[in-house]
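Heads up, the next two complexes both have chain A, just with different partners, chain B and then chain C.
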Partner chain A sequence: MDSHASAVIFGLDPLWVSSIIFIITYAVIVTEKINRSIVALLGAGLMISMGVLNQQAAINGIDFNTLGLLTGMMVIVAISRRSGVFQFVAVWSAKKVKASPWGILFMLSLVTALFSALLDNVTTVLLIAPVTLLITGELKVHPYPFLFAEIFASNIGGTATLIGDPPNIMIGSAVNLTFNDFLINLAPITLVIFPVTLFIIYLIWGRHMHASDEARERIMQFKERQAITDIPLLKKSLLVISLVIIGFLFAHPLRLEPATIAMIGAALLLLLTSINTAAEEQSEHVHKSFAEVEWVTIFFFVGLFIIVNGIEHAGLLEILANQVLSITGGDFALTAIAIIWVSAIFSAIVDNIPFVATMIPIIKSMAPTFGGADQLMPLWWSLALGACLGGNGSLVGASANLIVAGFAERAGYRIHFLKFMLIAFPLMLVSIVIASIYVYFRYL
Partner chain B sequence: MSMDIEKVLIPTIIIRPGMYVRDLFTECGKLHIHALPYCNEKGIISGTVTLKNVMRFSCLPEHMIELASLLGNQMSCVENAEEKAREIICNPIEPYVRKLGKTIPSTEPLIKALALMEKNKSSYIFIVDDGEYKGQITIQGIAQVMSKLDNSCAIPGAE
Partner chain C sequence: MTASTIMSTDIVTLKPDDTISDALQLMCKHAVHNLPVLDDDGTFLGLFSLRRLSRELLPKAAKLDESSLLMHINFMPDDTDELLQRLSKLGQKPVSDLLEKTSKLRLCKPDTTLPELLQLLFESPISLPVVVLKDNKKKLSGMVSNWDVLTKLTVNLLGDKAVSPCADTKKEAQT
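Showing the complex of A and B:
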């Protein structure tokens, strides 16, 4: 036990107390009856008040690098999106393929994957889904295949980079992996999974798609420049996003953590967009930008980090890690492949963030078995691939999926859970087979 | 000139069960107001029906609002929305009823009403005395009273 940790009340066994808090908290999160951040914070509060951790030990368990990176990027995206640049690119790309339905599906998926790799998935689909509904409405084609493809594109694109998906941010921070590490190790396989996925979508829906010349002409009449609402903001946003990405690429020689780069980027964009404005206007702008940060997610992370820290200190994760190793017989290759598949199945059914938060210390504790922390890299890539790609398996697999489903439903096109899963789950498994082959041949 | 609520009170009809969207549109259009109170079967003022809410949920899908700057004359979604607007006026009012906002008695100062409107980010407030709806006041009505306050402005260009 950590020297900061206090004794558990009534002299109860910390292992049992922390395990019960952990199981109840995760069970309530899965039911989705109560907001997940409330549940996680209450679970964290119980870990402290029951004496599994004292406050200092709980705070030490919070990964501020993950929180800083998430918050910084959220501020940058919140400001940049007001310029309309993302909608501009989406409409522009649709016109580039002469408004053919399959061409538009391909281009919107590509744009979604690219944006998801550089921003976060939720923001990307929040920006792309409305454009998709508008375009498919004008084309008089059903939006479902387009939205389906975009869900997959967002999760595949998010897999490619450190900042693309929260599991990657968490893994990167826990193991000190750089933006380039993810680019070198995960981006190549997403370049295979993405076209394979789109090819299957083409076989299912794409080859039957048709739109009248009149409908296509309506799309060609779109004036994408009108989507851009603020050109000075657009220039400032593009400048800062470019600098942040350059910062990520050179983070190692610059000796900067990703959170520092994202936070500097956020502060710089706030500064650039506040110059020459009155104090009151500045204050309103900063307030609005901070208000758009997804605090629910940030506090969810805070709660989870404390809960996972509690069970780690109590020794539960070590027991779980030993169980995993006894099942795989301590075989490294089998452990890596098992991590991909278990992560994918779990992430399809439940939120991948708590799963990854739990898996990180479990994998870390396997270091002595496999010859040290440096030998664990294939396991980290397995976790990232499984958790990110697994999100495609069902509508609840990733937050982005639910955002798309919500938009579709409000526009009168309900995406049914089972209908989605019937195609999405096997398609996700295809991506996991590809990922497993990749991990096996590249690292094992 | 004193700033009393009574001076700017706009008496309106009350929307009751069985009425239609057309009734709301007619009254609001005639009096240049944004909303009307809703009275339930028990005769109690229990909700609000606003023009914005009816139009938002009946004619404007979320993605059109998100991409408002892209909309143009030739688009079928614009035509669909116009067609939808024609249909909704015969819709029953009930699905559009929302929670009753803050109300104020007519005996309170007008400035308090203005402060409450500002606090609730609204441009109107319903006046209710002992459960009885008297009418509503709007920010335009308050502006009109303020414009008549005793204070002569300098004429631009005059010495």
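Showing the complex of A and C:
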């Protein structure tokens, strides 16, 4: 069954070889001197060519469910956004609060959180940030509090569902958790953390926000209906997105993986937007839609999965797991709380995805200690909460943060790393405290 | 046939400190869309284009991505006050602030052959000419635009100058 038997070259110890590849790869990724996908793919290549993994094992390590879910959702969003629906929602909600600055911040944050829960965070901020900058530009208010709030909203919102944030997707896939599992276990606490965070943001900035009546009147003149540039497309998009969400809700009884649902949804939307068009047009449409998938991210995942599989295969992760257990003395509650805090700190400093990818097999191998895989559930929720919420801690904590920072800079409002972290890190810790209390009382 | 055969050489140029409103007046006077900017030695510094100017009139948030349309802003109201504000602020700035990005420019040499020239012209964003620079010192030789292709190339190829499609042109618009 093992195609191409593996044997590390020169008979070297697989543990050492794999650990060295792992450390070097992650170190280079952290320094950001080379694009992370290149590093991940090369690291994966080394794992295979140096014999830590054979070809079959390497392929088995790739979580195609995660990849399929990400790809499917990205295609759906790529097509949906052309209808202008996101600008519509932003402008409509800004007018609903009569263009008051704090009201707009509140509404846009709410919109960001909701979208982040259903779509991935990166896409959400890609859609929200430009229109936010437009609105604040017209309102003549500084965009920083708005962008800050949206960063937090995207990470908090993404925590609430299976599909909201890559860490959740990865954990859900590895542990066979459903959309409903995440809704029942994580959504409730995000509904607490979100208002608390917004309240603190109000105390810091909201109280002092003011815009002239003139500027507010300008915003009220915006014609949000015009933002929808393609009504048929809007209807088709909403239909498919609804079907996909329903699919997620009923995935378990349907015995379907999230990736399958997402890919069917993508194919369906492509179909609906392609019928009655000429072959060449169709080809271009499909081409363009797939081109908007973030392949760089997808291939980063591929490389990452293989690298982690390599060190798991070689036994490094079991060793790490035992280290963690010896530090916490095998105490379940302590381990859970430790996971939340360590995940949060790490996720704030480095991107949460490599961290979660590594933690998953580590936690899995703790099963014997804690009486079986079923008993590990609180640890998974701890990991999810820590990794997702931790992303708020610094500008580099999550990809969505970096996207917002990029837009801010191009608009002439550079967000400074330390200035952001000075408020963001403590605010993130507040959310972790709330999460810890929740985990303690609900599960431990 | 090379670039030097069909390029326009009778070109109005700008200096880097000329103001944008000066440049606009020159453009109106000579009916041109693009003016090259040269320094005191005659070295080519960049191209000042109407295309870039039009884009500058947009609010900042609508210009976040150079290459793609991040969002349609058709929901914005129709008033021109803000546009006028932006235009008058721009008018005082030097043209060097608003040059076309070098990545958008297509450059060639006087001896560049016709097929390559036509390809460059096609690749060049709409309404931008191919700029002909001689030697490494980047001295401007001329500019080639679609208009030059029509008046000098197509006409030549058609052979019969008596029925030149451009015989009745009132003004020759250099683009």
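Simple rule for what comes next: the second predicted complex is superposed on the first by the 439 of 444 C-alpha atoms of A that agree within 3 Å, B and C clash if a C-alpha of one lies under 4 Å from a C-alpha of the other, contacts with A are read in each partner's own complex, and residues count from 1 in each chain.
Operating definition for what follows: contacts are C-beta pairs under 8 Å (C-beta built on N, C-alpha and C of every residue); 3 or more make two chains touch, one makes a residue touch a chain.
As the structure is a computational prediction, the values presented were derived from the model and not from experiment.
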Superposition on chain A - do chain B and chain C clash or fit: clash
First, second, both or neither for A:Gln221, with chain B first and chain C second: both
Partner chain in contact with A:Leu118 - chain B first, chain C second, else both or neither: neither
Chain B versus chain C as contact partner of A:Thr229, first or second or both or neither: both
Contacts of A:Lys140 with chain B and chain C, given as first, second, both or neither: first
Residues of chain A that lie at the interface with chain B and also at the interface with chain C: 84, 87, 91, 130-131, 133-134, 137-138, 218, 221-224, 226-227, 229, 407, 410-412
Chain A-touching residues of chain B, taken from the complex the two chains share: 61-64, 66-67, 69-70, 72, 74-77, 80
In the complex, chain C residues that touch chain A: 59-62, 64-65, 70-77, 79
Parts of chain A lying in touch with chain C, wherever the complex brings them together: 84, 86-88, 91, 127, 130-131, 133-134, 137-138, 218, 221-227, 229, 407, 410-412
Interfacial residue positions of chain A with respect to chain B in the complex: 84, 87, 91, 129-131, 133-134, 137-138, 140, 218, 221-224, 226-227, 229, 407, 410-412
